[in-house]
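Labels run A, B, C, D, E and F following the written order; every chain starts at residue 1.
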Amino acid sequence: MYSVTVRDHMMIAHSFRGEVFGPAQRLHGATYVVDVEFRRSELDADNIVVDIGRATDVLRQALAALNFRNLDEVPEFAGRNTTTEFLAHALYTRLAAAIRRGDLGAAALGITHIRVTLHESHVASASFDGRLSDTA
Amino acid sequence: MYSVTVRDHMMIAHSFRGEVFGPAQRLHGATYVVDVEFRRSELDADNIVVDIGRATDVLRQALAALNFRNLDEVPEFAGRNTTTEFLAHALYTRLAAAIRRGDLGAAALGITHIRVTLHESHVASASFDGRLSDTA
Amino acid sequence: MYSVTVRDHMMIAHSFRGEVFGPAQRLHGATYVVDVEFRRSELDADNIVVDIGRATDVLRQALAALNFRNLDEVPEFAGRNTTTEFLAHALYTRLAAAIRRGDLGAAALGITHIRVTLHESHVASASFDGRLSDTA
Amino acid sequence: MYSVTVRDHMMIAHSFRGEVFGPAQRLHGATYVVDVEFRRSELDADNIVVDIGRATDVLRQALAALNFRNLDEVPEFAGRNTTTEFLAHALYTRLAAAIRRGDLGAAALGITHIRVTLHESHVASASFDGRLSDTA
Amino acid sequence: MYSVTVRDHMMIAHSFRGEVFGPAQRLHGATYVVDVEFRRSELDADNIVVDIGRATDVLRQALAALNFRNLDEVPEFAGRNTTTEFLAHALYTRLAAAIRRGDLGAAALGITHIRVTLHESHVASASFDGRLSDTA
Amino acid sequence: MYSVTVRDHMMIAHSFRGEVFGPAQRLHGATYVVDVEFRRSELDADNIVVDIGRATDVLRQALAALNFRNLDEVPEFAGRNTTTEFLAHALYTRLAAAIRRGDLGAAALGITHIRVTLHESHVASASFDGRLSDTA
């Protein structure tokens, strides 16, 4: 299995509901350094998994809708705890859709898995790893 | 598959037996920067894999029994080479038991896999990755 | 010159005023991974710059007043842009006061300089580096 | 599953053919920081996955044939785009052969999987992960 | 003293002349992960050292002239060994000129020092640290 | 001012005397990831601060005398707490002597400062920074 991973980041505010979150129930924020790993079993005709430049652009666009926002006010997240693992899945869904739309080019349709990891500090991170066909 | 990873470290002394270890047969030591990845296929009702605060506490407790010790004198390791990969498994066993005991809360019983990685330097690490049901 | 550096982090929300900040004028947030470097020209009687455990505790306390907060609502920062470099200085001031109060022990009075660095992402950071006597 | 990972690097020049590569069609270069992860389900008699010293030596030898080279002039790569993912596979092939030849010792024949990751910058990497029996 | 640091990278090919360089006399290449630290003693009216967005843009432009190039063919470097430390100085000169031209805004004229660090691998880096008035 | 920094590591056992050290009074150990920064105001005739290959070799030799040792049994450290900051100075002294002996070549006599940093974990480090003429 081959993979290519690209990195970017976003800076958001949010709050959580539930005693388990302790002081994180207050409005606070986070920098998420985001790694997206694209996987496939064979390389394309150019010997790549995905064009790194295009993958970087698609990741930036996926982050732009959330970057510099208070996630408590983003309609699609209403009533949900926007935890690190939840956001990893939300980004996965956006990136999977971008691939199916062809935003990464026709050759990128050969990508079968994506793993999205959000590093919230030097000591904690969360990820979602999925198979594209499962979300088609 | 979702995951959450937390990081801590321990500082221990030990020595190895066997020619393969060369100068590491002498009493020496290591800082192990320890990453523990908890995995499950669905999030719990709070939208988390595990409470990061509780996971960090449980990891600290698991390390406390070994931290600032000479592992050559720890009874349960008598006669064993406490290599990085062996210690990754030893910590896995402790963390799996902690989950089964409910130390991470009832919701954490949904965790199915743990991966423990010990970084012994900037150029070497070892890990053990297991399925919890296999060790029940 | 000797130094000791310890690391911790905080997660805050805030917004900025001024066109230069672009989208960061909106309420957003950040994880700041904080490195504090303590410097002095000679070691103390124990051969240390400062007790790393105590330094870590003092840093944690300095961060606790801000951690998991919306800085726009912290009274002492009213009317100020809580930029990364501003926060580096704010933490410097707290740590310098802690040393003068003896929170780090009598031997730590020999510390002459502190540098506080806040990493706001994998590609940006800010710091303040000062001489303690200048702030006495 | 147990793993051990070792790290080294190489510095090469090359160029790519294909519009997808944009400015990387020009002769340029890269530092590849290379992580090799060896995996197996059981430890050997010494409680290790592989001797880290020997693994480091074998990795250095695998890199030596390419290090400080213009890959456009390496005969075995003629007519191929030496992308990061392609090079990850090329190194995998060499390391798998080294294990089968016994370069890592008889006990290392128990290794079943290798993952080779090449970090080309702080924001991009590629890998190949394979099962040794598939390449026998 | 306050500082702000931003990071980007470039990927170049080059060769060196001189026995001291050993195999690096051959055409090879490097990824340079570049950190630029801007320093000044007081913050500007917006409470910043420099606009991080603008600093990132100016760094990208400074790197663009060299990125994806064979430095052996860059006229201004003819007859020079483009070592990591030499390139750190070359970038310093470009960035100092950009500040004097006002590319970073009028407030950035208060910057007094720049440090440029090029990381050529996980185990080696070089830097140039200069005072702007010295190069006026 | 120009600098070049190289990295290596050592793995040692030791214990400390003094209540301030708490559990670190027990025999334990550490991996020290060691960064050595060489500084000078002008480059040599080859456009370098120091030959990175030679600097790496000299650092490895300086570490070899301590690597895989119990520092409590090293005669020259008898009666001393081998703290991270103390070891940074001990390595500085060895490296300064190596330069004066010419181990880094005649051109390296132009080096005026060395900074030795020992990272003992992902959250703590210590350093010694000195001017070579002061130790001549």
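Just so it is clear, a residue touches a chain if its C-beta (ideal position, glycine included) is under 8 Å from a C-beta of that chain, and two chains touch if they have at least 3 such contacts.
Since the structure is predicted, the reported quantities are computational estimates derived from the model, not experimental observations.
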item: Shortest chain-hopping distance from chain B out to chain C; value: 2
item: Same-residue or different-residue interface between chain A and chain B, half as cut-off; value: different
item: Farthest chain relative to chain F (centres taken as mean CA coordinates); value: A
item: Between chain E and chain D, distance of the C-alpha-averaged centres to the nearest whole Å; value: 31
item: Mean-CA-position distance for chain D and chain A (Å); value: 27
item: Whole-Å separation of chain centres (CA-atom averages), chain C against chain D; value: 41
item: Multi-chain contact sites of chain B, meaning residues that touch two or more partners; value: 7, 122-123
item: Chain E residues within the chain D interface of the complex; value: 7, 9, 11-14, 23-24, 26-33, 67-70, 120-123
item: Chain E partner contacts - residues on chain F that touch it in the complex; value: 1-8, 43, 46-49, 51-53, 56, 105
item: Touching residues on chain D, where the partner in the complex is chain A; value: 16, 18, 20-22, 80-86, 88-89, 122-130
